[in-house]
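Following are the structures in question.
Two complexes, one shared chain (chain A), two partners (chain B, chain C).
Here is the complex of A and B:
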């Protein structure tokens, strides 16, 4: 189950990364004569009320979250892991100060912080990705800090130190890579899911995020609002795609937890 | 006990001050200043710079603003309701949001504890089902609920089965239906129920495997109250940890379900780039999270004698 989840998630992300380079005429061109069509071989999920192919728009919409979502993960990884790892390993004043900083920043709800950043710095996808990545730093940092602080006194770490292994190797290979790898992976998957939720929510409510005519699973839902029945595949498709991708993220994340706890 | 609580309170207040300082620095690090956002900013610049203290160094501005915030003065709205004090803008909506937050927190805790008691690590399929359903974002669940409810109600109204309900298609009016929907969606959506259920389940399993529960069972005593009492501590910590998450969800449900709350105002303020209002709501949210942490700590210290003896 978890392997299937990883493969499908990788497919979604790859589509999203490749999408900006493709030809998406079917997704973007308004054809009034083909408006509101049901599923057919030419349009497997039908067309929207402007005659654009729903499946093509669904595929193109993955570019709204795949690249920026990965950027957010990279930001959180680069800012949180080295800071937390070094300060937890060294301990002392540095450790206490870092932990205090993480706890203090975690007091600001992530969604609220992201909205504040968007109001100050504008709402480009890059700003959103940086804001989401930075807002996740306290959570990821605290998790890594706790793990390394707990492990730094373990016998295998003390034995490695006694054998003269370099501190950097113990920290980055033994503690961060082997002991925290899966924990970090789980958090990054959760962050990717959070970015997807945030991007689609912003696009759904409007004002921020992806705006028409560019597609996002969020604005696709609201664009057909009231024009179709709830059981119409054209209306349900973006919602199902969103729900399924989040479920895949969750299952993939769960698989990392299962292996970690043996 | 008092000493322990005092220590936690000092730590919490320090965290809040640090968070508020970080937010202030975020604001002052941005290119330009709030006057740039005003339509007639260029004309009023000299006067406003002196009035808002923008001619002072950044550290002085941060300290001044923190002092003002401590006395409840959060400045005036720039564009959401120009000239109105932020505290006046937020007074009633913040109460509405707080009521929603408490209701959804209580509901989520009750459901997660109930589900944990049902599954107890044994019914993997139920846990997976809860997880898969709960992972759906709040806005998607709200969209499906509203759309489905409207379709069913409309078809029943057309068929003459029911008269038009008071809540139907009147977005401007307060509605118990929308409020109830908001509470449920907030308690369930975006993984809230699944995460709380998982943590409550782990806590419950750990307590049921404890020696004191085995001893009570061996004596033939009922263990329900004993387990429930010990479950209070992890549930309190869980509630405190989830407060920030639910506050983020409030912004979405209030906006999608058209509820007059601080979350909906934050969205509007962010759109209009009304930084004082957005900043005020952020500080209020951070204060709520810190207060929840402190309340959870107080409860833990009150219940657990081991924590009292650490002081």
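Here is the complex of A and C:
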């Protein structure tokens, strides 16, 4: 069943990745004569108060988090995993110094760190993605470090060395890929979810994140708030999409945990 | 001259404390040399030092290891520069000197099937015939290849580790109490397998604390106590009780009390 979560999540991410290359006239063009329409065959989720198609804007809004969310994951993966893996496997002064760095950085609240970076370097989606990815490095690094440090003394690592396996293969294949693969996967899904919530929150609050007229699920919510009834599909749709995507990341993440512990 | 492994003057330290004192050991192809002693006497540490796998600080501070296989000779540095040692030992581990661990269940990667692990070990030795011939040689059914380590009994796990050693084709094997925790019905066939390996020309250093098991299997016995080799003898001499060192005497007496008279 968890495959359903992975497939649906992949569909959402794919829509977000290809969206910037599509023709989104229906999502962007203001048509005052069609403002505030209810659901109809031409507009399945109706239109917003500027006459733009809500479904089209909902789809286009996935580009606000899909690409940058993946970029944040890539940043965390590239910075945290090799650093943590090598230092935990080697141990000694390098290991102690890396762990101290992870612990010190983890003490700074992530949200504060991200806002600080945005204040200094501007609030483009790329800057936000880099900041979120970098802020997650201590958390992911600490998790990978702790596991490899625990496993490197295991009998099977010693036996692999005794069989003549090179240290690099033991580290990257046996310890990182096989023993930490699912752990890393769970963390990256959590990071993707965190990016989605953060981007939605920032664009909901305004000032940071994606701003009108470009759609984000956050600014779509705030843009229609107070102008529609609480059960109107045009108002509910971004909120439901946000909840459903977070539920999918959680479901997919749980499937990794079940396999590992089962 | 046949294949031979010679360890001379091995000293291992943990801080200022000397754990292994000037141990000399010679292992020839086709023989089983039992290294016996009480727990903590330095047996396993000596074996790990011979594989360059001592992870305490400063570790091996003195000693030489020389291995002759056919017309090739290996002399990995046992102390000094880390990178030089690492390179030298990576060249001999598995290919020349293999290892049979004490807890076979924990010596297998828990996340990979038996077949993949044995097959990979065979590929390391340049063999592309997969895991099945080696599992068969170790007395295991082909169906075991698809199992994960947690699905194996202790005896089966030990046979898988033997299959890996067979696939790797090591000329010398360091067997660190490979039958500990196994019941006699499983232990005996495994010990016969070790004898069979020795008969095929593999030199085996068999670490054990069970003096009785050495009779009929080991060619020589070295007794270790407090990091020193205190007696070099044969199982027959041990059986007669004619030992010179107090540590060996204590071991023989303790074994006799358990066995009721003889070391068997």
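Simple rule for what comes next: the second predicted complex is superposed on the first by the 262 of 262 C-alpha atoms of A that agree within 3 Å, B and C clash if a C-alpha of one lies under 4 Å from a C-alpha of the other, contacts with A are read in each partner's own complex, and residues count from 1 in each chain.
The rule is simple: a residue touches a chain if its C-beta (ideal position, glycine included) is under 8 Å from a C-beta of that chain, and two chains touch if they have at least 3 such contacts.
Because the structure is predicted, anything quoted here is derived from the model rather than measured.
*Asks:* Is A:243 contacted by the first partner chain B, the second partner chain C, both or neither?
*Replies:* Touch status of A:243: first partner only.
*Asks:* After the superposition on A, what does A:106 contact: first (chain B), second (chain C), both or neither?
*Replies:* After superposition on chain A, A:106 lies in contact with chain B alone.
*Asks:* Output check: A:255 vs chain B and chain C. Expected answer is one of first, second, both, neither. What do you get?
*Replies:* A:255 contacts neither chain B nor chain C.
*Asks:* Look at the residues of chain A and decide whether chain B or chain C touches more of them.
*Replies:* Partner with more touched residues of chain A: B.
*Asks:* Check the residue A:160 against both partner chains and state whether it touches chain B (first), chain C (second), both, or neither.
*Replies:* Only chain C is touched by A:160; chain B is not.
*Asks:* Does chain B (first) or chain C (second) touch A:47, or do both, or does neither?
*Replies:* After superposing on A, A:47 lies clear of both chain B and chain C.
*Asks:* Touch check for A:87: first (chain B), second (chain C), both, or neither?
*Replies:* Neither chain B nor chain C is touched by A:87.
*Asks:* Which partner chains sit in contact with A:204 here, chain B, chain C, both or neither? Use first/second/both/neither.
*Replies:* Only chain B is touched by A:204; chain C is not.
*Asks:* Across the two complexes, find the residues of chain A that touch chain B and also touch chain C.
*Replies:* Common to the two interfaces on chain A: nothing.
*Asks:* Considering the complex alone, what residue numbers of chain C touch chain A?
*Replies:* 48, 51, 53, 55, 86, 90, 92-95, 98-99, 101-103, 106-112, 121, 124, 161, 164, 168, 174
*Asks:* Which bits of chain B are touching chain A when the two form their complex?
*Replies:* So the residues of chain B touching chain A come out as 14-16, 18-19, 22-23, 26-27, 30, 131-132, 135-140, 143-144, 147-148, 151, 190-191, 194, 244-245, 247-249, 251-252, 255-256, 266-267, 269-271, 273-275, 278-279, 281-282, 285-286, 289-290, 293.
*Asks:* Which of the residues in chain A end up touching chain C in this complex?
*Replies:* 153-156, 158-167, 174, 178-179
*Asks:* Where on chain A is chain B touching in the complex?
*Replies:* 100-101, 103-113, 115-121, 193, 197, 200-201, 204-205, 207-208, 218, 221-222, 225, 229-230, 239, 242-243, 246-247, 249-250, 254
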